[in-house]
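Look at the two complexes coming up: chain A is in both, with chain B in one and chain C in the other.
Coming up: the complex of A and B.
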């Protein structure tokens, strides 16, 4: 190769090297810019991913991502809490296993409604279904399913919301409305009963007066009859009055005067007894329907129990005998009379129902005792009924808890009684029970003036 | 067109003719790049055409023959430069199928701006392959040379016949090569 050729080659190689260096620099810069953009894009993606993860995990609703077969691929924290299952256990679960049988069919049907031509579909609106917790406890939930396709594979997004609290609130509201209607009805009945009691009082009064008049008059008549008997015996000895005496004796026999003399006084006594009972019931109805005051008032507790027993007689007389053991020296008890009447009534009626529920041939026994201990008055209502099963003992004071058949109890009686005794009177309401043997409810109320003051202050607040 | 084609072409002229011939065809071609090529650069493909035309004038050989010879030479050089693209145990047809589906994809990773020809293949029957070359640069002769180089590399040059049919009215922009293995 001659020198000229070599020089040309050298010049070309230098130019090529310069170009290669320029290219290298340009590529380095491109690489740097490209890396910078990639880094920025990657940071944006990481940020978005964290944001989406946070939304996914912190969402108050349950979010489940499934594959085409309904197998859970991802579940958020709300799902873990709602279904009571850990994330790794949820992952291996079919989403349909989180529903009860009926809802499972409905959910499958929901997915069938999907238009296969669409790559993203929300199937229908939120629907109410029944979910299953880890221990298979059913609970109400709302469910909506979205279906989408990603890289040719079908996925499902299940959005659920536990609506247990809402359902309970709705049921509670419904029951409260029923209670209110019932209370309004009872109030009307109370007013009506009070009116009837007032109307019955007047005729009872003159029936009572007349019965007493008849009793006294008959006693007078009896002395007249005795004089007639003496006269008749004397006339018997006289031949001239023989015919008249015979006629009088025949009339007396025909009228069965001896029987009348014997029976009329007891008939009048029975009538007076009956009138007294009617009068007592009427007074009790009046007292019960219009307790008179909503302020703390000192009452004779024994008398209040007697009144309540009269009013509730129809509830217990066919199933139990009632025995009272009242402490006669019981002090007056400061209380809200209407409320305490209701508590005692609830306990007596419950006792009767417990005895009825136990069944058996003879009558059961309800024993009501009062006694004074320190500064308290204790009232106990004991029945020989079925007792309270151990499983229910923790719940009997809960609102709406009842084991009675439909129409026989609202589950409010003991809850209201507990509230009245503990909240309004600073007292206690406790029970001892033995299944198959019976139950004793014991009310303890403060009898001291201090308690009265406290209760009055509470009422004022 | 990638600079490696130019550098390899000039190398071939050096080898097969002489450095003086190389310098003369560069001088006579009046090139924008002045013939200063680097393998990683990109240049106007018409410069190659000018160089080949000048080489034909210098040597008295036909342009298509020169281009085909260069193609055959270039195949061997590519194997030397990028040996990982070739599997020696591979069948020649399988290799040709990999040009479009594998090698061109790898080339684009290195040179995203590379403007590569389309090389589609099909096998109509046993021992037969149709290779369809398409490129606006009309370098079907270079493609032909590359195929020949390939057959040579796989030692089947005598066993595979090539039937070439231009489907672009002689422009060389769309050419069908039918390769048939001898029975």
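Coming up: the complex of A and C.
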């Protein structure tokens, strides 16, 4: 081959190589560029997925992804925390096993109602159900489910929220409202009672006056009668008055005068006795209701207890005898009289109920003692009732705790009493009890005002 | 002459009941029963009365209005409220113009007894002027110092009942008034209250404050022509007598209740003199102010001008105001216990012996 040909070939090949190189370069560049875009897209995808995962995990709501049978495929952190189970344990668990029996059926029904034809059914109203924690403790939750199809498979997304805290708040609110209603009821009862007491007092005054008058004037009449008797005896001897004397004697006989002489004074005495009892009760009601006293006032505790006993007489008289052992030199106690009366009333009524539920034939015994100890006044109410079972002892001051049958008690009595004594009066309310033997409740109230007490303790510190 | 007693109520049945129950007093009392405040005022216009027993809540002229009027036109009357009503505003209006407040239903024997004893004490005062001096007293004069201390204790942001009790317990004017209110049913059901501290606790700030604001306690500086020297001496003597009487009762190993009553009787032993200070200041015209007050001279001035010992006057006021029986009797009979219904009463004897101690102390000081 001649040089010329070789050179030509070389030149041709060079050109071809050059072309190929530039093509390679172009392709490489193309590849590089598309690779770069792919990387970017994948990074975006990763970012989005991370974001979604974060949203899924950080959501304060429980989110559970299930297959058609309700078997959990994915659960978020909220789910782990709410149901108290680890993620791997949640997986493959049936979502229905996270609910108690009653809720399980409701949830199945709810899920069935979702129309799978409509993809991504809007989440319906949340329904209140009962969930189970790992140890099977039930707790209230709100739940909604949406059903959708993905790659031809049916799935469910369960969303729920633990509403224990909200329920507690609602209950507390309800309790406060009930306490308020109770207080208002008592207040209006007090106003009503004192109004009635006042209305009754006027007729009592004149019924009493009239009965006294009858008693005295009957005695006067009887002395006149005696004089007539003497006259009658004298007339007996006189023949001329025979007819009249006979008529008088017959009259006296038919009117049963001897009986009247006996019975009229005793009927008046009984009436007076009854009036005295009524006026005692009315005074007690008036004193008891004390409308409008919202200020610490010193009261004679012994007298307050007597008052409460007469107001509550109907509650205990058929089940118990009441004995009082009052310390006579008890100092006056500063307190909110209406509230303290209520506490004593609750304790007396409780004592009566305890005796009643113990049963037995004879009357039980309620003993109320007062005594002065150091700077305190102590009031104890002891009954011979059924006592408080060990299991209930921790709860008796809880609001709404009651062992009484429906309608017998609201379960508020002791809780209110406890609140009044400890919160409003800086006192204590405690009890000792023995099942089948009885219970003693003891109230301790500071005998001098709380402010002074506090000042003293401060100095002591 | 029988005492004239009128009963006023808007409920005819109450009046008939009272009429029947007080039938036994028909020989001692001349009684009238009047339906409502108007009828009662009309009756009073033409007829004098010694005792008025009136209801509070009546249509037209109510009890407070009627008694206010009656206390002006007939200041010598003994004025008792008998009412089931304790409306607070109305009650405040009766505080100065009535002497006692009995709740309905009341024990008529007690009412009868109260009236009888008050009438006896009244009849022992020699002149109508003296009777009026006592029954027109709404409050005894109180030193400005005590009033200010009272204000301070009640008007502070956190009122102190202990401080108030202290003030009430050391001033005869304040102590007597608050014991009157607490022993009657003005603000409550009326209970037997022995000492001012108990009365303060019983009434509470809610009632004490308006009492003070409404001027229920008379300031000594508002009394015209008051002999300040005699007044100040009387108050200081009352304070020292309270201590002496309580000590005397303790020495005689009296009960705790009697010791407390003796102290109150000591504090109130010369409330008669406080009445004279306020109502009849000319009595002390000859007692020079500025010099050492000699209690004997003061007593002589009273005897001379009024023909009466201040003890009789004070005893009458104490009865009118329904103070504890032992205190009433001790005040009235402190100088001659043998004349008392119960000459051996521990409170009376304590006050009598405290009085001796004070007289001895004074003559020693003079010597």
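We take it that the second predicted complex is superposed on the first by the 253 of 461 C-alpha atoms of A that agree within 3 Å, B and C clash if a C-alpha of one lies under 4 Å from a C-alpha of the other, contacts with A are read in each partner's own complex, and residues count from 1 in each chain.
Simple rule for what comes next: contacts are C-beta pairs under 8 Å (C-beta built on N, C-alpha and C of every residue); 3 or more make two chains touch, one makes a residue touch a chain.
Bear in mind the structure is a predicted one, so any value in this text is a computation, not a measurement.
Examine A:91 and indicate which partner it touches, taking first as chain B and second as chain C; both and neither are also allowed.
neither
Counting only touches as set out at the top, which of chain B and chain C does A:20 meet: first, second, both, neither?
First partner only.
Have a look and say if chain B or chain C is in touch with more residues of chain A.
C
Looking at the overlay, what does A:242 touch: chain B (first), chain C (second), both, or neither?
neither
Let me test your reading of the model: by the given contact rule, A:9 touches which partner, first (chain B), second (chain C), both or neither?
first
Is A:283 contacted by the first partner chain B, the second partner chain C, both or neither?
second
Based on the superposed arrangement, let me know which partner A:185 touches: chain B (first), chain C (second), both, or neither?
neither
Where on chain A is chain B touching in the complex?
Touching chain B from chain A are residues 1-2, 5, 8-9, 11-17, 19-20, 23-24.
State the interface residues of chain C toward chain A in the complex, per the touch definition above.
My answer: residues 11, 13-14, 16-18, 20-21, 23-24, 84-85, 103-106, 108, 158, 160-162, 189, 191, 198, 201-202, 204-206, 256.
Mind listing the chain B positions that touch chain A in their complex?
19-20, 23, 26, 34-38, 40-41
Which bits of chain A are touching chain C when the two form their complex?
The contact residues of chain A facing chain C are 198, 201-210, 212-213, 216-217, 275, 279, 282-283, 286-287, 295-300, 303, 329, 332, 334, 449, 451-452.
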